[in-house]
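Chain IDs A, B, C and D follow the sequence of writing; residue 1 opens each chain.
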């Protein structure tokens, strides 16, 4: 069905240099997402961008970890906070930047914008919850086709408010669909703390439907990746749907400038954010070098994107 | 040639010919075969691709969307069209958006079949014709079953094209015989068809001798045809009945050419009046044929209220033969 | 808000004779519902009725048991299979019969019909699931008003397919609403066995939202009543929402004549149906007397209803 | 007199005066006070009756219905009107049915407030004006916020009556100043009001001197007013702008009396074209004033497609000042 508009444009300085150690690669890829988002927020402040955006600052490890285990034929459905997922999947910084700038060279020709992205193996939509059955349908297609592809859907903690999520968990479980739900619990939904949004048991929300849940309370890309790898392998092996529940934190505001969370809480989380946690595994000089490479590459992307018609 | 059976055979043919076709819906599996028995036998023949679902209309639509995005051809059954409300978000914000908002990098050809309509005493939540609320959803086709349209032709069109479609099947059509045009006739009426998903025109005499055009779909078209036939025979009141399959977006050309001849139009639908199907018809025809009509377009629709359960009260609310006949008389 | 059209018309022979032992009363009330439903099905077969109906034959104990603990100010929201609930609540056989006959004297003037009933303290609607938040809203009203009234909603096992049920459980739990969900698990939803409808854990569907579940696998009105009493008392005491999960069986077809369930399964359930189970507590002569009284009273109801304009 | 602030004050007044009023919605609690800040301060003042909810539009509507059935006056906020789709079942099959199907033994006066509309680059799922799909739902009133209607008057009407209502608030109205008629004027335009929930008419000159009537609501009415004013001053093109608060069911009388004078009508709305608000207007006006119009009714609506995120593409799809001006010129 899908016919790509153009091959995704990637840059090794952003997505990983052949032969570099895994730790470097992971750091680079997270740094790439982080700096993309920060750049975007800056462009918004400059007034260079239209509309709105939801940055995933603080959650970069999730995207990088999960996509490490995906392969050609797998599919990601993402939500409003989709940039990290998309960049980890495709590396296509220019396509996404151009999209958010509303340019014709954008990955959806400027039609979709920040929340509505499509590229081979990837889609997102900005309506909470509804993408979950969509991802399950893709999983059903894979099951019917008899391939071993995995359909992954990213949702937030707040999205567990939407009933269609449960309808889908039930159906996916009944039909043993090859679906992985990645629930990024960043403790907040827009302005609402999880305590005001969710009663009962977080993992119980899934296990009640016979869907196994793997919880990871971590911002460490290595730890998340290990869990993601096992879950994806199980789904790929035909064991039915599974949930990877990642307890993480969003360090930036929800969308553009709305943040009323306790400063202390945010400050504490900056101490354990993915780049800090994983960055320790690299030498200072390697980190600085990679930071630099990412900066240069991203600078080129922004310049190119700005110059686009 | 019972409609429900022909429709079932059509679905069987689609499942046989096209591996991409998947049926989803509540209670559609054997031995039950769906609340109106349309899918009877199909789950036995195609167990993987004919799936009874839990009672989850939102997810039925949403899973169908995913299947369609992945290249399959899902056909979702809604047990009662009243519950299309629970699919509204998937239809409006997912299914019909994907192709365009993704700059044509994906298509989402979901087919939703819904059993609609009243006159059976099922009461306020099992009798509605809610399709009017889906008219004008961008990129959604709404198509109505009728006795003049071969479901094979209709579904061949659905499966050939890449657009999502809502197909409404009035419950009272299920037990009826299809009356497809044969040699240019349906019974004693002259029948003309035009278009890929044809608009059928029925009249007792050539169009030039008709004094009113009647635009109707689904079960109401069947009622209207009987009246058109009877008025012609008994009273020499000649109307041309226009029965589109696709009711949105509309191909107005056959309507305009008919009304150009008759200069009078009545639209008929079972849905509630007010912002209904016929309102758009009246708007378009009044504009396109401005100054040439003999009288204003008459939009016949049901009372804008709940559909009562009691037979007498239900009849007073829903459009039936009496209202159609009165309108044709007035307008002829 | 509510203004009754007419006071509910009750008959002691159907709803309980003052001073009679509880066992007699319960038998009478269940017998009343049973015979009302059977009479209705017969009238349908005769062609005397329009539309459709969902009889609750086999599930009479649930309605009788739950309503024993409700009082003025409490509210019941029921579903498509609402006759038993309504009759146990109001005793208004004539109003319901007239309603289903489409007569002006019907409890909703013939507008609602079998599935859409309203009377003081009682409402029903025929759309699966949507009544659950409606009942929760009534519970919220009670909470805001500071009274100790309980809002009860009856749903079937299959209705756990609907997402809005979970949305509501979450909200009710967060807000500690005085809501009792009575889930009548009759093993089937229309033609679909529970195994094809429900994955995972039945009680988990509720407890995942922090809503306590009391399961009763019984058709014994006494046993169900004991459980219902405790649950309702807890809700009334302000402990938040609770679920009474009754595993039971529907002995009749789903609506009018659609039944493809295994005959053997149905036959076995006839051996443990509520009237048999509870009837053992009465002497044969008491049973026969009550049967007779119910029959006579119902006969009068039907005759009166038929004669109505 | 910023609209968002006035609306917030109106809600505060309602909460103060009427113990039955309860506000529900996503992120409406302090310190956030809602995505558009309308409810800021209210949860602090009325913690029990102003409740932030989980992200559960269906249950928000459904719980509101229960509150209303129990005698309360729930006001539910929908963060983006695009998500009204998820309330559709509650609106169509529950909220608007109860009073009538229960033979007036209950009422269900739910008020739903939805932030609608585009022109902000929010893209396909956060920019829509979906109210057209709610027009003609039996027993539902649809009312549109405008700068010419005092929200206090509007909510007083809502709370006085027992019917459910959908109140659409175009996002671009929030930061604007209300421009209520003062001494029969709005700026340089003559203003006339009629009705309980008034229909406001604005024109530079008396109606007799106007050559076209313009029917618009919400943000589009604000755009249209500026054009009406400018065309009058700069080019002596005189139009009478009619701005209803209640857009369904419509009181057509003020429209008909205006068009009787001008014999020309343009309708304007931001929703997608096809079975839109204006279609019913065209149908009614073409019928009621049959033979007296100078030209067909012109229904101006947005392109029937997704609303793009890119500014340029969004402007090409959504009705804005250019389309309104062109239509008024054509029709005058």
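To be clear about the criterion, contacts are C-beta pairs under 8 Å (C-beta built on N, C-alpha and C of every residue); 3 or more make two chains touch, one makes a residue touch a chain.
The structure presented is a predicted model; accordingly, all values stated were derived computationally and were not measured.
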Return the chains shared as contacts by chain A and chain D, ordered by label. B, C
Farthest chain from chain C, comparing Cα centres? A
Distance between chain C and chain D based on Cα centroids, please, to the nearest Å. 42
Taking the mean of the C-alpha atoms as each chain's centre, how many Å separate chain A from chain C? 47
Measuring from the mean C-alpha position of chain B to the mean C-alpha position of chain C, what distance in angstrom results? 37
Distance between the CA centroids of chain B and chain D (whole Å) is 31
Two-or-more-chain contact residues of chain B, please, as numbers and ranges. 53-54, 56, 58-59, 82-83, 86, 89, 93, 97, 100-101, 123-125, 306, 308
Where chain A touches two or more other chains, by residue: 109, 111-112, 116, 125, 127, 160-164, 167, 170, 174, 196-198
Taking the complex as given, what residues does chain C use to touch chain A? 160-167, 169-170, 173-174, 196-201, 204-205, 207-211
The residues of chain C that touch chain D in their complex are 1-5, 75, 77, 108-109, 111-112, 116, 118-119, 123, 125, 127, 130-142, 144, 151, 163-164, 167-168, 170-171, 174-175
Within their complex, state which residues of chain D touch chain B. 82-83, 85-86, 88-89, 91-93, 97, 100-101, 123-125, 130, 132-139, 248-249, 272-280, 282-283, 286-288, 290, 293, 295-299, 303-306, 308
Which residues of chain A touch chain D in their complex? 50-52, 99-100, 102-103, 106, 109-116, 125-129, 158-163, 189-192, 196-198, 258, 260
If you look only at chain D, which of its residues touch chain A in the complex? 26-27, 29, 31-32, 35, 52-59, 82-83, 86, 120-126, 306, 308-313
